[in-house]
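For reference, chains read A, B, C and D in written order, and residue numbers begin at 1 within each chain.
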Amino acid sequence: MVIYVVTTGGTIEKVYSEQTGEVTNLDSKIDRYLRLLRLPDTDVKIVPLMNIDSLRMTDSDRARVLETVEGLLKEKAPILITHGTDTMVETGLYLDRALTKPEAPIVFTGAMAPLGFEGSDALQNLTESLLALRLLAPGIYIVSHNQVFPITNVRKDKTLGRFVKIEEKSG
Amino acid sequence: MVIYVVTTGGTIEKVYSEQTGEVTNLDSKIDRYLRLLRLPDTDVKIVPLMNIDSLRMTDSDRARVLETVEGLLKEKAPILITHGTDTMVETGLYLDRALTKPEAPIVFTGAMAPLGFEGSDALQNLTESLLALRLLAPGIYIVSHNQVFPITNVRKDKTLGRFVKIEEKSG
Amino acid sequence: MVIYVVTTGGTIEKVYSEQTGEVTNLDSKIDRYLRLLRLPDTDVKIVPLMNIDSLRMTDSDRARVLETVEGLLKEKAPILITHGTDTMVETGLYLDRALTKPEAPIVFTGAMAPLGFEGSDALQNLTESLLALRLLAPGIYIVSHNQVFPITNVRKDKTLGRFVKIEEKSG
Amino acid sequence: MVIYVVTTGGTIEKVYSEQTGEVTNLDSKIDRYLRLLRLPDTDVKIVPLMNIDSLRMTDSDRARVLETVEGLLKEKAPILITHGTDTMVETGLYLDRALTKPEAPIVFTGAMAPLGFEGSDALQNLTESLLALRLLAPGIYIVSHNQVFPITNVRKDKTLGRFVKIEEKSG
């Protein structure tokens, strides 16, 4: 089974720069970590779209994400979009408004700490998302920390450092 | 949400003995690795039942697994059973015959290499299984390597080192 | 044998903040990583002195390092000082000027990437430094990347991202 | 600086076989782990000699080790020999009897748990040994767990799971 992974950057892909001491979006590294997983029946096709902090994502960037997703949906294959958590909901809702009836599940995921950093949630979220794409009905979701949220009922709780349902009390 | 994790041993929990140089089932270590995951909305309750190589599992052991599962099913919480891969299908079918209509999903998982060994699939399988229990309908399944198999349509392919659908060609 | 580890911060101890996305000196973590090493005959005593970026280290901070080292030298036990690499040489020379004849080896080490980050050199440098303290004659040194430098013949090469002898060509 | 690494097998290089569930000497993996270290000024040359459990090492095998070491000593480069811990002392003394005055340091190291297994001491011992070869006078040593033992004053304490000086009380 084919699964598309559209990468847009965000914390999940950030790297530590030994020159500057900063953590930034430089090189895509999703593929390197996906190789740590055993996916014998899953044909992962990575589509590296952009590599930016999601706070810098513009409507023009979101239009590119939409255009890419629309193209891939023609194949009815599930789509994973890796994305910064800060504006993940915004991009998800942008797609939700434009795609009236997607014919495959679309999952957004990201991370609070980059792939390969101690205590990171990034590989967990990738692993969960790939499995979720096997089981979810068509629609747009966020998958993270062993939770699945339909895109219309989720927000990031900055204090808790995770996603919660819209109606949940703030952390 | 509560998820029960019934541990029975198998490769996933094996440890390397520095005294003997062998890899055996000595101490439960599922809990130590589950702590590496972020599970803010999941209340994992571990039920350490036995810690044996699944090739040594007897019908009396399987009866204990069944009895435990029957007890937990009363709470209608999803159940993860960690188990050796060699007789996982056998135990799954044993449960399938006895439980006519389970009211929650029951997922079996295990690993080809123990938790904490280089290149191990164990944490991946645990992560996937916990997510699958969020989404699956009541029934008995094996979850491994980004695949979900209903228990009545799965066998272990020893050559490939993984589970496959019954009808699939041998590796 | 007793070895003192005086921690002053620097990249080696930096942590990733999920709130700010920055890498900063917040909590000491040397002890957590030293516990990964087997040190049956080494009694490591950690002295957490400060936790700052070495570019912010003042002469007053260096005076505190010196005072601490002078106190510990009375026991003639080897001393490891973990320190940011940017001004490690400066602090080392400061000690060198003040300590006319130390009666034990004093080793400075640090890292280009923090402990626990993918590809980090931090645990390697700690491991090497503890071993070096077993073998070195009294004096002040930098140990890093399988090299031992007397403090009077070493500089950081920013381009190469490592220490080199003073006479070596720039990277 | 050139350092030769002569690999002979032992626990340090053992791998877990997913087919048999056993831990055995199959493929050399020292090189893969040495690549995790930063060794800018060290030219490591690996000499894969054999890959066996040291309990199976015969006098004929020891003669091959000796012959190899004699050849390398002509270059006066330090030599690291990775070796099973059970008969490491025996092989070391074999070399000690034959080499009247080696002109470079020769360090034996190994591990209680294989490279890449949780809690392994293997990478620590490799890191320490490479640094020790920088500092030690010509002679034959065992380096392990932050200790350096001249070959004529060391034995393995099976109960403690480590090397100790000959005169030390048993664990």
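By our rule, contacts are C-beta pairs under 8 Å (C-beta built on N, C-alpha and C of every residue); 3 or more make two chains touch, one makes a residue touch a chain.
Keep in mind that what you see is a predicted model, and the values were worked out from it rather than measured.
Participant: By the touch rule set out at the top, what is the minimum number of steps from chain A to chain D?
Facilitator: Shortest path length, in steps: 2.
Participant: If we define chain centres by averaging CA atoms, which chain lands farthest from chain A? Would you check?
Facilitator: The chain farthest from chain A, judged by C-alpha centres, is D.
Participant: Tell me which of A-C and A-B has more C-beta pairs in contact.
Facilitator: Of the two interfaces, A-C and A-B, more C-beta pairs touch across A-B.
Participant: For chain C versus chain D, which are copies of one sequence, does the interface use mostly the same residue numbers on each side, meaning over half shared, or is it different?
Facilitator: On the two sides of the chain D and chain C interface, the residue numbers are mostly the same, over half being shared.
Participant: Just curious, how far off is chain C from chain A if you go by their C-alpha centres, in Å?
Facilitator: Whole-Å distance between the two chain centres: 39.
Participant: Please report how many Å separate the Cα centroid of chain A from that of chain B, as a whole number.
Facilitator: 28
Participant: Would you please write down the residue numbers of chain B that are in contact with two or more other chains?
Facilitator: If we look for residues of chain B contacting two or more partner chains, we find 112.
Participant: Going by the touch definition at the top, which pairs of chains touch each other?
Facilitator: A-B, A-C, B-D, C-D
Participant: Name, in rising order, each residue of chain C that touches chain D in their complex.
Facilitator: Residues 37-42, 121, 124, 127-128, 130-132, 134-136, 143, 145-148, 160, 162.
Participant: Inside the complex, what are the residues of chain B that reach chain D?
Facilitator: Touching chain D: residues 11, 14, 16, 18-19, 21-23, 53, 112-119, 158, 161 of chain B.
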